[in-house]
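Order of writing sets the labels: A, B, C, D, E, F, G, H, I and J. Residues in every chain begin at 1.
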């Protein structure tokens, strides 16, 4: 399995327009930092690109790279947002981590970034 | 069964950002104060943390602690909101108690808190 | 069958807060004033209590009391709203009458009250 | 409201063929014999006609005629089957009474008749 | 089949209040003006009455009256809105024509009127 | 609108095999023989062809041809089966007429033919 | 809360016929014998009565009586079946325990009894 | 297969009113410019016409014309918007390209145009 | 786009057992032989392998190879079954072609093969 | 994370009865042996125990143990069946591996064991 953390980009093909791109990735897994046990989530991303767009295959590899890492729900959702914002500097971005039931409780974390 | 009412917290891992955490807990039960009969509900919580986040396992124990207590629908939903606000002092929080049918009628109570 | 039109109330347990209580009652029936034939509906109620809350069992009896009364869709939905507003004087209330198909057409009436 | 218990019939238009007719009637209500309180159900009927078919409008009136009668779930479902079998003498008939939640429990009764 | 284009009305039973009435009529059919072939749609209507309400049976007959008329999707949705506005002079009205697939494409037209 | 009752056929492309072809046609309308009022249904057809298959466009025209004809639910479903059996002489065929609510009751008629 | 384990019965109103009665009870909770933690389930029951039927209110009380008892998924489902069979001696009975997620896995147990 | 890129129009039948027309076209396919492999999407269009409306059949042919063209998700959604805006000069238009899963990730692109 | 019609296989990893493999491929398109217009379908395959299994990537390429070919619904479903049976000689196989609406009618073709 | 392949068992609490236990585990992941890329699936298990039952926590650990192993869809589903059969020697068992989309195609493998 490739383990790149590099998010590749390509130039926004319609840079003058405010439009939205959305991804839904139901195949996300990481490890619980306390117990080492696997966690699973669907990651949803929506953003309005500025000059750069996220390349789909590198996004897949980026999300796979969490497979062997310890990550709390709240922290990992914010980190994905920070990493993607760092890579494509969007006008707006929303990341949602929708995690499977633990202890009879389902958790969803939603974090948003808006360009100053 | 542990009976702690203590909601444990951990420091917000991304305290500078306004983001949202949501929980859905379908395994809530308490007793009707008038009849002593069991009531059942799904409790939904959404909040924007300030300095502290709710620790998931202690939330589970907190919700379980109502199992043997008498509690009206309207009062218990507000009390859960008050207890959680007291524990993590969030920027915003919403608690929804979605109760099972009684007398052919389903009841949902939604209470919200916003930091001054 | 009890035939009381009295809606009983109890003191709002969290009177200082703007929160919402919702009921869904799928077991409503009345009679068509023109034909005498039965009509059926789901009645949905949402309100923000001020000093008083609606007692659930009396709400059940109140809704049952329409069983032998003639009532047009538009009029009965507004009347339920007026009766409940009269009983608990809420900050806000919405009543929705969702009636079964008649003549191939489904009818929904939604009426709202906001305290001056 | 007409209160006829008479189920009218018309001659089976394709009497030589084994085929099935189904009805779904979500607007059924009767009274609980113990408490006098209203009960609600969806009545589903499927049958293979022999010489006679059930006329739809008289079925509607027949089902409405239970509105003011006391009837237990198990008994009323069997009685509807017996009445309809008596009226059209079908090759096969199934009646299903799908009753609303009482005491947190939903009840479905299914009774079947097959011509000797 | 009655062919009246007359929409009958009755006085708004709660004329002082801004409330909403909705209808869903899945049994609408007209003819394509170009090919003469049948078109089918669900017509949805929502409105806030002023002095008059739409009588349900005359609405049924009004919608049936399009059965043998040629009508384009965009034009017929607007015409229904104009006819109903002419009949009841509402505070607000929305008409939605939700047409079946033609050429692999589903069409929905939504037109709105607001009293000056 | 073409008004042909002719169901065109084409040779079964795989005549040696027992396989099934299914159609779902939600755009069926005819008239009630008693009242002249429109009825609507979804017609579902499943069959195992022998030497001939039903040509899709002629099926569409055949179903449209009922638009101005009076037809009871039970009779019209059996007649569609008889007409299609007459046209393609299948090994097996099932026709289901799934009619819209009349008098608060939904009707489904299912008729089957099996080659001797 | 009443704590009776007694399942009350009433005489089968149509004892000569093989028919089916079904219950769905989503408000079941017991305790895990290993950890003492609450478990939740929906209990579904279907049976063909012989001479006796299950009285609904006593069924509710019977199911509530597990609230403070330790019970493994497989054992409790079989025990409910044994208790109900003991009470009404049915011709056939099926009990399904549909338990909430534990350790990321949902469990359903289905046990059946047929009179010799 | 016709290969016209021409979008035909017809005069807005109710040009003075701000209303909305929506299309859903689930039969869109193009080719991936990098790999030459087919991509599939549902294209959804909503717009408020000004003087001209989109003719449905020409829209079908226009969408089919992408079948043998290479087109990235982000670029093709914006290009459809630009082409349709060029053809009918609407007051407002939204185009949504809802693409099938690639690399375990589903992509949706939404682009909007508003007349100056 | 690769245009291979070759279905590659691999040895059944559990050849001694009767088990079932199922595929659902919603991205199938071909051309109508009469009009040259595109058709779309979901192809579903279920089979019990004997000595050989279908390799997934070659199945994808095989299904893509119909993109520029004329194919009637009934014929193409049977041909896919024949081609796959020829490639892996299964104990049993079912192919279902679930085609999009044409002329207001949806078509599903299901063909089955069982080893002699 | 524990990496045990040991499936623990407990004595069947109702060994004399033929009943069924079902598990649904949506959190399964392994690696593709050809590409090293992650695969995801929901594993469903149903079985009739003989003398032994599967202990839930050890099942969770067993399924997690595939996380770093290469495994083809067909092989891994059969292997899980073989491992579980080896551990509890059931009267009957069914294992279903329901894998996420790869190459636009979803795969489901179902394998069954019946005690001789």
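To be clear about the criterion, a contact is a pair of C-beta atoms (placed from the backbone, for glycine too) under 8 Å apart; a residue touches a chain by one contact, two chains touch by 3 or more.
Just so it is clear, the model here is predicted, and its values are computed rather than measured.
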Original post:
So which has more C-beta pairs touching, E-H or C-D?
Top reply: E-H
Subject >> Distance between the centres, which are taken as Cα means, of chain F and chain D, whole angstrom >> reply: 28
Subject >> Whole-Å gap separating chain A and chain J, where each centre is the average of the chain's CA atoms >> reply: 30
**OP:** Can you check how far apart chain B and chain D are, centre to centre, with Cα atoms defining each centre and the answer in Å?
**Re:** 45
Original post:
Got the chain B residues that touch at least 2 other chains?
Top reply: 26-27, 40, 100, 102, 104
**OP:** Can you identify all of the chain pairs that touch?
**Re:** A-B, A-G, A-H, A-J, B-C, B-D, B-G, C-D, C-E, C-F, D-F, D-G, E-F, E-H, E-I, F-I, G-J, H-I, H-J, I-J
Subject >> chain F residues within the chain C interface of the complex >> reply: 40, 100-102, 104
Original post:
Given the complex with chain B, which residues does chain G contribute to the contact?
Top reply: 1, 26-27, 29, 31, 35-38, 40, 64, 67, 100
Original post:
Which chain F residues qualify as touching chain I in the complex?
Top reply: 12-14, 17-27, 49, 53, 56-57, 59-60
**OP:** Please name which positions on chain F make contact with chain D in the complex.
**Re:** 72-75, 77-78, 102-113
